[in-house]
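These are the structures, in structure tokens.
Each of the next two complexes has chain A plus one more chain, namely chain B in the first and chain C in the second.
Presenting the complex of A and B:
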């Protein structure tokens, strides 16, 4: 038990303290409906944070997540809105289209970054602009809404009191845990994140690993985009803007550091729920939307500052230890 | 040796050639872009659009030379514009408003600089978080409303002559061109951008250089924000969302290198002109404006691609 507690990153303790604050002071925070609400709201960002977690674990970052989600949401929504009386097959095709759109962006990111060694910040940032632009072109600035009940039920149908989207998030997370903790791919990914050079020299195909990571991140964002349409029942050209920022924060709260190779996706999973709980608390305390944005920003920046400083302190400590032994 | 010189000149002037080629292309294929008898759109580009983009691009170029990207740019301009609006509404004094704007810009720049140098966060993440916070503050300040009441003197100060914006941008470019080429600080910026470790070993304080450079970036942006507010005639918290992409695209296509230490005022100006001509020309060709963001994104990817090719050739 002690070992497990030790593994919980320090940031998470701080964030949990904040959740405790809401448990005590925010009205109706702990009643069943609100807890289910928190779970439901965290489900999609959990899925997306898995992709973000992969890229940050490998020492890079995917800034295009929000844009890719938007493009996938808008394109799949456009397809679905054209169908008169949708069948189960149509819904499946809509989801495949969303996932496909995400995979195309992920593929492009992967090719440019892994194969051609372009600067990953720029490529993913440019891809963010391109995907938002495409969403703008496709919708023409309009909002698409009013989907059939069967499509909405994919995420909203309640099984044992808990909406489907939560189950989907848990299943996707379990798959991702298996992928990162139990497979060769996962081990190689950690190696690449810790040191690309070492990984390459020990025979790991770094290019392939990086490519797969971006492909997966795009695929998960695409999936998240369609789920978002099904959950919120509308799609517009800025439906998921800023999600990459939230995902980044979830991942950092969960103890994955920007240095790469440190932490695990389980942390990203927990971090997503905790941050959603905090945002939900702010909302219940009656903060306006604008203040919420300021608070989220400051909170996330603080998390990042604490992470960066603690990583640096760890590094100096380790160096000192080396000198002492010498 | 000779080959290398030719290569370098080609690299330097290829952007100018691209600009001229784009200009000729749009002049031929559209009726309204430019013709020897129709200078109105040309004047529009030079005096109404380019000055703003040039300043954005200059600020971004400085941050890219230091291996950082300023993603807080759009929010920065929105917040400064709101401050300008507030001060004008309260006092109707352009001087106070401009001073407040410069102060706010410098403050935001310092904030970025501190996060990057003292805390040691990667510039991308630091400025992205700042973007979020600053935009939030601007929204809290104005809460979705707008300020129109600028008093009788502020807008005429900028709009009486059509050349004012051009003049201001030209003066700022001249000042920075001097800073880059003639002062020690300019040399320090390139040294830190090229190799921070080496710069530190040769006695430069990289943190100080970066801090001052980021502050200057903030000041340039605040000038841009003042001009923008005067031109638009309204202060609102939602402007400037697409500015970051435009600025990155302009600096990169101007030849500023992602790997740091390469670039300058010339690159910023040529890049900004290329981007302005491209977006303006596309509208004259009849491309819907929704495509602009897609094109700007592609311009970024393409310029990174060309830099990649050039570097490979040099190796």
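Presenting the complex of A and C:
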């Protein structure tokens, strides 16, 4: 546990200060309903940020996350909308379809990037375009809505006052923490992210690790897509547009570095909640949605600046160290 | 000490590794015996590293076979080599800075405790601590690599290799960043491994070390094996003689020049990898900078060029001190200092652009002061540049990528001629260039000095330095350890190399 706590970056304390600001100044911010609201709103983005966090930890990025979510959402929604009186089995199949759609995209990303060594930016950008496009084609620009209560309850049913989607997010996160902090796969993922050359020279099968990371990222996005349908009760070709950027923001706020191998998924988890909480606070203080976007951008810039400055300071320190041993 | 000592562990048979334009290893055959410490020495670029990389599964030989424990051995990856029991400690550090010591030592072999492949961190740390204790190291397995000193990090590399099952352990200059105490540790470990029957291939430039620890020694030169001898039967001067016996091609065209004003003088300069350097270069002079890899030559040159930071000391250009605060590359270029880097493709020119553009690159601001480019001026200047150094090209519009290495180098040099530079710093000017083009580059460099340019030439090719330079400074471990002059009687490869290795008393 101590090991995990060490990975909580300094950046996040600043973010917590922001949250404290809202606690004091935003009306009803600490209201129980609002807190549940924040948790509920961050739940799905937590799940997809796990996937984004994985790819960034491995030193690359998956830009197709929002598109894959959308494709998964509309395809599973189309399937479910056709069923007259859905049973529990139908709901399960719908979820499996959503997860399956995500996995297919993840599989393609993984094969192209890990096996054939194509550039990860280009591949995932292409996949982003393809998946958004497929969503447009499938829906024909229409909105699919009005799902059965049982389907909506997968995310909305309230247990001890907290909606199911929050429990789901926590369970997925715990599984991902376990995977990355405790297992051999996790160790190898860090190794690949920290230094691909070193990992390869140590006998780690880099290709396989990279493939699994993209597969997992796609799978989580697919899952997030279906959950989104259940939670919002509608699906359209832009139901999750821009989520890749939100996920990226969460991961950065959580202190996972673009250098790869630095930080941890706990950061992605905390970052997701913090960004949601900050946006929620701005909303309560009466700021419009448009301003929220501006604010998110400024917030990320600030974090990057702090990060760069601290890196530079470290670098000068290291230079001296090298010299002393020369 | 028994009959086993003589048994062969690995035999290398007629191995050749060809890179475009050069045979890095040339038809080499060598036997490594069980439980011996086998030293390999040779100048920079003699092919030592290529050879051991083939053994360690990092690269594949072009032709030839390896026989390991009586069976054919052809590793496709490091993993294959490790499975066979062959490990390598690399010259450069190869560690994950943000992970713990234990995570680095056990990377890819983490102990797991359940079927879910959960890593047993406790077990990993305790067995890592045991290894560290065996090595006599006093840091903890749970520390992060980035919190260790460079020497400690080097020892982590050692721990990493030692912790595996070793039949053959390759050490490629493991002591370059260690202190004497740590070297002693390492030697103790090496002897322990040897007594357990592990064979060791040890590459080093430090002659004292070799004598202390080696059983047999192999000298390599230009990718070929020169000799393999028992350490007890050979002396250091003999080794050095074998190392430097490189054939001198008669391609140098150094003409007498009149030495003029002092262009550059460096006083007590200390920086990233060098200390207290004092050198000076005059107009019309070619000054060589010799030394082994890691001696700090390139770092010194880059500091003079304003690219690397300077800690203390001063640089005078035509007697005028360069203010440390505005010591930037741009200022250095403006003054007339030019740098022709070793890695042409990455640093020397703009790949994919025309000769013309490349030639103008340093001079835009001077040729077009109002910021408006005139094609006629461009063409004229580029044509002149091409003619001056005799670049073989039909047109200045040609893409530099399509030129030969020698012609590319000439384009880079003319770029600085166009710019009217005074001091030219060459970092390995002829690496990867064929003999014919080399001759042209030599005459180009000679031409520079005849016209009053000052040249500082870094090279690992000793015949080249001796053929071109008027004086040679020799660097070792970041310091200038000696200077040899052309008019001195001992202006020889042996002299330079023995200073670079630190054995000046024997030459």
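What we mean here is this: the second predicted complex is superposed on the first by the 310 of 326 C-alpha atoms of A that agree within 3 Å, B and C clash if a C-alpha of one lies under 4 Å from a C-alpha of the other, contacts with A are read in each partner's own complex, and residues count from 1 in each chain.
Basically, a contact is a pair of C-beta atoms (placed from the backbone, for glycine too) under 8 Å apart; a residue touches a chain by one contact, two chains touch by 3 or more.
As the structure is a computational prediction, the values presented were derived from the model and not from experiment.
> Check the residue A:195 against both partner chains and state whether it touches chain B (first), chain C (second), both, or neither.
Touch status of A:195: second partner only.
> What's your read, chain B or chain C touching more residues of chain A?
Counting contacted residues of chain A, the larger count belongs to B.
> First (chain B), second (chain C), both or neither: which does A:116 touch?
First partner only, chain B.
> Going by the contact rule set out at the top, does A:184 touch chain B (first), chain C (second), both, or neither?
second
> Touching A:204, do we find chain B (first), chain C (second), both, or neither?
It touches chain C, and chain B stays clear.
> In the superposed arrangement, does A:33 touch chain B (first), chain C (second), both or neither?
Neither partner.
> Thinking of the overlay built on chain A, is A:294 touched by chain B (first), by chain C (second), by both, or by neither?
first
> Residue overlap on chain A between the chain B contact set and the chain C contact set?
Residues common to the chain A contacts of chain C and of chain B do not exist here, since the sets are disjoint.
> Which residues of chain B touch chain A in the complex?
Going through chain B, the ones touching chain A are 69, 115, 119-122, 124-126, 128-130, 132-133, 135-137, 139-140, 143, 245, 248, 252, 258, 288, 290-298, 300-301, 304-305, 308.
> Could you list, by residue number, the parts of chain A that touch chain C in their complex?
Within the complex, chain A touches chain C at residues 3, 178, 182-188, 190-191, 194-195, 197-204, 261-262, 319, 321-323, 325-326.
> For a test of understanding, state which residues of chain A touch chain B in their complex under the given definition.
The contact residues of chain A facing chain B are 61, 63, 112, 116-119, 121-123, 125-130, 132-134, 136-137, 140-141, 242, 245, 248, 258, 288, 290-291, 293-298, 300-301, 304-305, 308-309, 312.
> Which of the residues in chain C come into contact with chain A in the complex?
It is residues 58, 77-79, 82, 90, 94-99, 103, 107-110, 112, 116-119, 121, 149-151, 160, 177, 270-275, 296, 309, 311, 477-478 of chain C that touch chain A.
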